[in-house]
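Below, chain A partners chain B and then partners chain C, in two separate complexes.
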Partner chain A sequence: MMTDVILVPKVQHKISLEAEVIKPDEFAGKTIEEIKELPVYFGNTVQKLGDFFEVSGSAEENAENLRIVVEGDVSRVKRIGEGMTTGEILVKGDVDMYLGARMKGGRIVVEGSVDSFAGQQMRGGEIEIKGNAKDYLGGSYRGDWRGMRGGRIIVEGNAGKEVAEFMRGGEIIIKGNCDSFAGVHMKKGLVIIEGSVAERVGAEMVGGSIIVLGEMANLLPSFKIGEVVEGLKIDGREFPGKFRKYIGDFAEGPSVKGVIYKRL
Partner chain B sequence: MATITDVICPFCGTLCDDIEVVVNGSKIESARHACKIGNSKFLSINDIPRPIKPLIRENGASREASIDEAIAKAAEILSNSKRALLFGWSSTSCEATAVGIEIAEEIGGLIDGTTTVCHGPTVMAVQYVGLPSVTLGEIKNRADLVIYWGANPMHAHPRHLSRYSIFPRGYFRERGQQDRELIVVDVRKTDTAKIANHFIQVEFGKDYELLSALRMIVNGGELEEEEVAGVPKEKIIELADKMMNCQFGILFFGMGLTMSPGKHRNIDNAISLVKNLNRHTKFSIMPMRGHWNVTGFGEVMTWQTGYPFAVDFSRGYARYNPGETSANDVLQREEVDAVLVVASDPVAHFPRKSVAHLARVPMITIAPHHSLTTELSEIFIPSSMVGIEEEGTAYRMDTVPLFTRKVIDPPQGVLSDVEILKRILEKIREMR
Partner chain C sequence: MSELVLKNGIVYDPINNVNGEKMDILVKDGKIVEKLNGNAKTIDCSGKIVMPGGIEIHSHMAGGKVNGGRLFQPEDHVRFAMPKTKVTRSGTGFSTPTTFLTGYLYSKMGYTTGMTAAMPPLMARHTHEELKDIPMIDKGAYCLTDGNWFIMKYLKNGEIEKCAAYVSWLLKATKGYVVKITNPCGTEAWGWGKNCRSLDDPAPYFDITPRELVKGLVEVNEILKLPHSVHLHANNCGRLGNFVTTLETFKVPNGTKPAAKRQIMHATHIQFHSYGGDTWHNFESKADEIAKAVNSNKNIVIDTGTVTLDHTTTMTADGPLEYYLQSLTHLKWMNRNVEMETSPGITPFIYSRKMPTASIQWAIGLELSLLIKDPWQVLMTTDHPNAGPFIRYPRIIAWLMSRKYREETASKVHKVIYDRSTIDGIDREYSFYDIAIVTRAGEAKALGLSDRKGHLGVGADADIAVYDINPSEIDPSRDYKEIEKKFSSAAYTIKDGEILVKNGEIVQTRYGRTLWVNSKVDGELEKEVMKDIEYNFKRYYSVNLANYPVREEVLTRSTEVTRSASV
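Our next item is the complex of A and B:
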């Protein structure tokens, strides 16, 4: 049985609040008063969570059974659920950058849209976004060659550029359309794009699979055209219909194993 | 009249170090050997009227103020800010940048340079794939294949070709130009392309595709398509052959590559191409850095904060993520509540939405001349010109540090960027 802690944003602000404390791991076992005292970062100041949110409900001892419900727009609150390992977060609005970054477990549901870097270097758990996601969904930290390594991200809407950048495992499902450079530098894992995808999909990928069910813009010249496959089975999932297989990205060398399946 | 020799030109990243400046009293008569742009920069110190007194804007009108008052007011604005942006730095000394970083750390602000709108993508790509670097001297002495990709040095770095790449005679290239081959890749036939041995016209925004095709060929693959990015297959194979079979190649690239679709991924692919080429021959790559000390800004930032640009000190330590902590991103999200501009003119060069926010917040500008940015500033503190009226360290585009010289005194009462910044920092520390 889940118990809820409810956060209602009190003030609107232009400067983004950094609130990595908004995760069940932090709230568990604390009283509402203690949760209100948790530190958040606003510009160059340190303030209290209670200054920005009305906090109610009750926090369970066990983070696994704790759900945080954010009632309202937090499009200027960064790092919600960063590094969370268990429990649940439900956001009934838009969210700023780094949602569920470095997440290891648990589940986040966002009813609105998310800004860039959601699920950055994620290792486990699940993120479900009902709206759109901006750039670098499930990507890496700047300069790092390890993006998402496990878990699952589902986006009901569209996704921005460089989805699954440096992906090393896990699963990303985009139900809408996807912008350029999806799966750039990908090595392992699965990306499913149900809508159409813009140019340079799979750029510099060396492994992993990308499945495109909608339209696909011109593929890079460094991909080789493979055979037509009837009915696709990947990681226990089945996709009916005919698929054209493409292998690449041969810009990276002769022994690359990246695969793009495009539904015909 | 006095002639000062071996002066370093503070205009572009080429940092020509053979300028002879003729000084006549408080005027510069000429800057021999300098290109047209460099010469006009030296002569700009003669501009009359040169701003000397600081200006403070109050209730919509500007008034002259003492240097002490301007510094105190600037310190107050910065000290009271929650998210200040310190921007510019590419046309001042490394010493000034170092003080700027101290201020940013002290007030928990953001510091970013003009790199953010020029070779920022280059720096980001270098973090992913490294950089097979080289000095301009090595290029002059050894290069037999020179490629300019998305760069037009004939206009932007006028003496680059004659000092380092194509025309000079080098130790192993005794006949100069005759011992070298010049290839230009660009979207249009630029003046640099007109003097090239080969010009490859790439379709706009398709550089990445062409680079991928080249990499596949260099890595032993076979190109299946008949045409990539508007370039026929045979021409791409010919280009790859030339690259693999030269003795010492250099790929110079400009903003045609960093600022066209793909940005840092274009550079990522270009550097990777050069890495792959090193399995066949010796090849290097170099960004055509624009402002004379934009490279120096990156160097100082990296050794002091660990990151090359777009650093956020809001939590007391340095954090970096272009797209989040870069100048235009914080301006367009309207997060910034105070701005300090040093040796730059963002109002003239930033996107409209960023400038709209610059107009909303208190801005302090330290610069030698009036500009659109000084016009929008609450406080304008005139400063001396580094490299002409003040000495200081600068880094050439190949990251070779050079100490620029002072050839003439600044107008009386005008302080250097370093001096002004040190006094602002001192004042901020007094307030805390």
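Our next item is the complex of A and C:
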């Protein structure tokens, strides 16, 4: 049996709130009063979660059976679900940056759209975004060379630039369109773009697979043109139709194993 | 100013041959004194260790490279953060901490003095601007002289006195404390896409060999009677089979007499210079060979550059080395040519426990400390941050004091260490007295600072560390975790007689001195060399001579150490 803790945002501020405490791991076993006391960062001050949200419901002892429901717009709340390992978060609105960053398990559903860096360096679990995702979905921390390495991200809408940057494992599915540099520096894992994708897809990738079902803007010249494949089977998934295989990015050296399949 | 009594501490003060004696240390006006008159504040140190403040002899803590490392590694800064308190500023960075954080972290460990290991002369102004922002400790900077056009020309022409006068000017202009040589001639060769792979491999155009350059600078150093010896990062750093070059290098100063009671050469981060093998598959420790050479040569002091098995940053004036490292790791890197002077570089590095190489490197650092018999000759460093960040010093202390701890770590690294290093067979465990030598007393002596630092005798600076360790209750061999913990957070750090740290927390911030050498040479000789300097600045440098020297006002509590040369 899942129990819910419900968070209703009181006011939307221009200054963002950093609230990595919004995750089942933190809430589990706490009373509503204790949850209200959890620290959040507002500008350069430390405040309490209860100053920004009405908190109700009841928190389960076991985080696995706990769901956090955010009722409303939190487009200025960052780091929701950061590092979570289990349980569920449902956000009935838009979310700011770093949603589910370094997440290891559990599930996050966002009914609105998310800002950049969602699923950053994620290792496991699932993120489902009904709206759009901004840039660096499933990417690395700034300066780092290790992006998402496990779990799954599904975006019903469109995604921004550098999706799956430095990806090392896991799966990203974009049902809409995808902006430039999708799969940049990718090493392992699978990216499925059901809509069309902008230029420089797979730039500097050395491994992993990108499947494009829609249109693909001009491919980098450092990819080799491979054979045409009839009916694609990859990681236990099947894609009907004819696909052109491209291998690259040879700008990274002679032994690269990155693959882009473009449906013809 | 205040008076202070540290009462009943268990004192380790190797310079004064005090080995764990219960005694009082008296402080007045920032100095250690024999007698106090009246109302001194008393600190009860019973059951606690009292040592002179720690001294860092080789750490990349300020300057262009360090800042480069900070700038291109946001991922390093997310790994370690310290929020501001009522007395301290906030700071971030695991292997490249911010300036303020650097001072705080040293101070928390009981350190009171630190030297930044590699300052390209052209970057001296930047370096001192950063040092100015490092609170808590006394500090100094090592002036790079490895690929310097003036020096190479003078030495090639046999003009040793002119070379000495130039170096004397350079130290004053850059407010440097030490003549530092990094990959002699190799950093100049790097400007031509080359390197110097042996002591007789000359720099292009200047046609001077590393052997000649090092020998020349050793002589210059002694002509100038500098407090420290030359501080050398030898050729072939980090390369397979480099122990041969290292052993050769140790012999280069032979025949030159030190001008002071100290070593003739300080060879730095020797862990990176003790490698055998000719492929990474037969890579092995040659620490035993190096130790043998140091044991039979009283004129050499080394520091270890102990690998701490961390994800860190490598940064050195040895540009070709950094290029080589990134060719192994394929990670991001930076290189720079500092015109007329040197070629530094930076790249991140992960010393993974699973990697045979990193595991052997870890073993080598400790082997050096344990196989070299005289602790005064083997000082403790991590070549911060190259082999690991300095915040790991307490862990190295614990490894040195406990065979059991070494065995425990050995069981977690690659098993190759049992075949290709001797670490498993070494029983030796350091005493607190040994630790006091390799972390403070030895540094003070090697740096020529032992008149005022590294000891607790009357007249010394009241730079004192107190650790909450009772040697009669704690057995370091068994309680190594406790040792690591206590050395991480000093019970008290006292700087110039002021309590800066209490129970591991900073209670007060202060600025330390900046030490530099005011080297004096004959006036006529200096005039002659000034003409060369003016001419060459006009001809080659992209900066005006007038904009080159560091103004004394930039230094915090500028403290000159005057030395008159024999020329």
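Definition applied: the second predicted complex is superposed on the first by the 264 of 264 C-alpha atoms of A that agree within 3 Å, B and C clash if a C-alpha of one lies under 4 Å from a C-alpha of the other, contacts with A are read in each partner's own complex, and residues count from 1 in each chain.
The definition used in the following text is that a residue touches a chain if its C-beta (ideal position, glycine included) is under 8 Å from a C-beta of that chain, and two chains touch if they have at least 3 such contacts.
Everything numeric here is computed off the predicted structure, so don't read it as measured data.
Model built by superposing both complexes on chain A: chain B and chain C clash. After overlaying the two complexes on the shared chain, residue contacts for A:Asp135 are found with chain B alone; chain C is out of touch. By the touch criterion defined above, A:Gly236 lies against neither chain B nor chain C after alignment on the C-alpha atoms of chain A.
More residues of chain A lie in contact with B than with the other chain of the pair chain B and chain C.
Contacts of A:Ile225 after superposition on the shared chain: chain B is touched, whereas chain C is not. When the shared chain is aligned, chain B comes close enough to touch A:Val184, but chain C does not.
Once the two complexes are laid over each other on the shared chain, residue contacts for A:Trp145 go to chain B and to chain C alike. Once both structures are laid onto chain A, the chain B stretch out of 21-29, 57-65 or 129-137 that overlaps chain C is 129-137. In the superposition on chain A, the residues of chain A touched by chain B in one structure and by chain C in the other are 141-143, 145. Those residues of chain C that touch chain A in the complex are listed here as 72-76, 78, 331-332.
Contacts from chain A toward chain B in the complex involve residues 14-16, 18, 41-45, 97, 116-117, 135-136, 141-143, 145, 180-181, 184-185, 200, 203-204, 220-222, 224-225, 249-254. In the complex of the two chains, the chain B residues touching chain A come out as 81-83, 107-109, 124, 127-128, 208-209, 211-213, 215-216, 219-221, 223-225, 228, 261-262, 265, 268-269, 272, 313-315, 320-324, 333-335, 337. Touching chain C in their complex are the following residues of chain A: 140-145.
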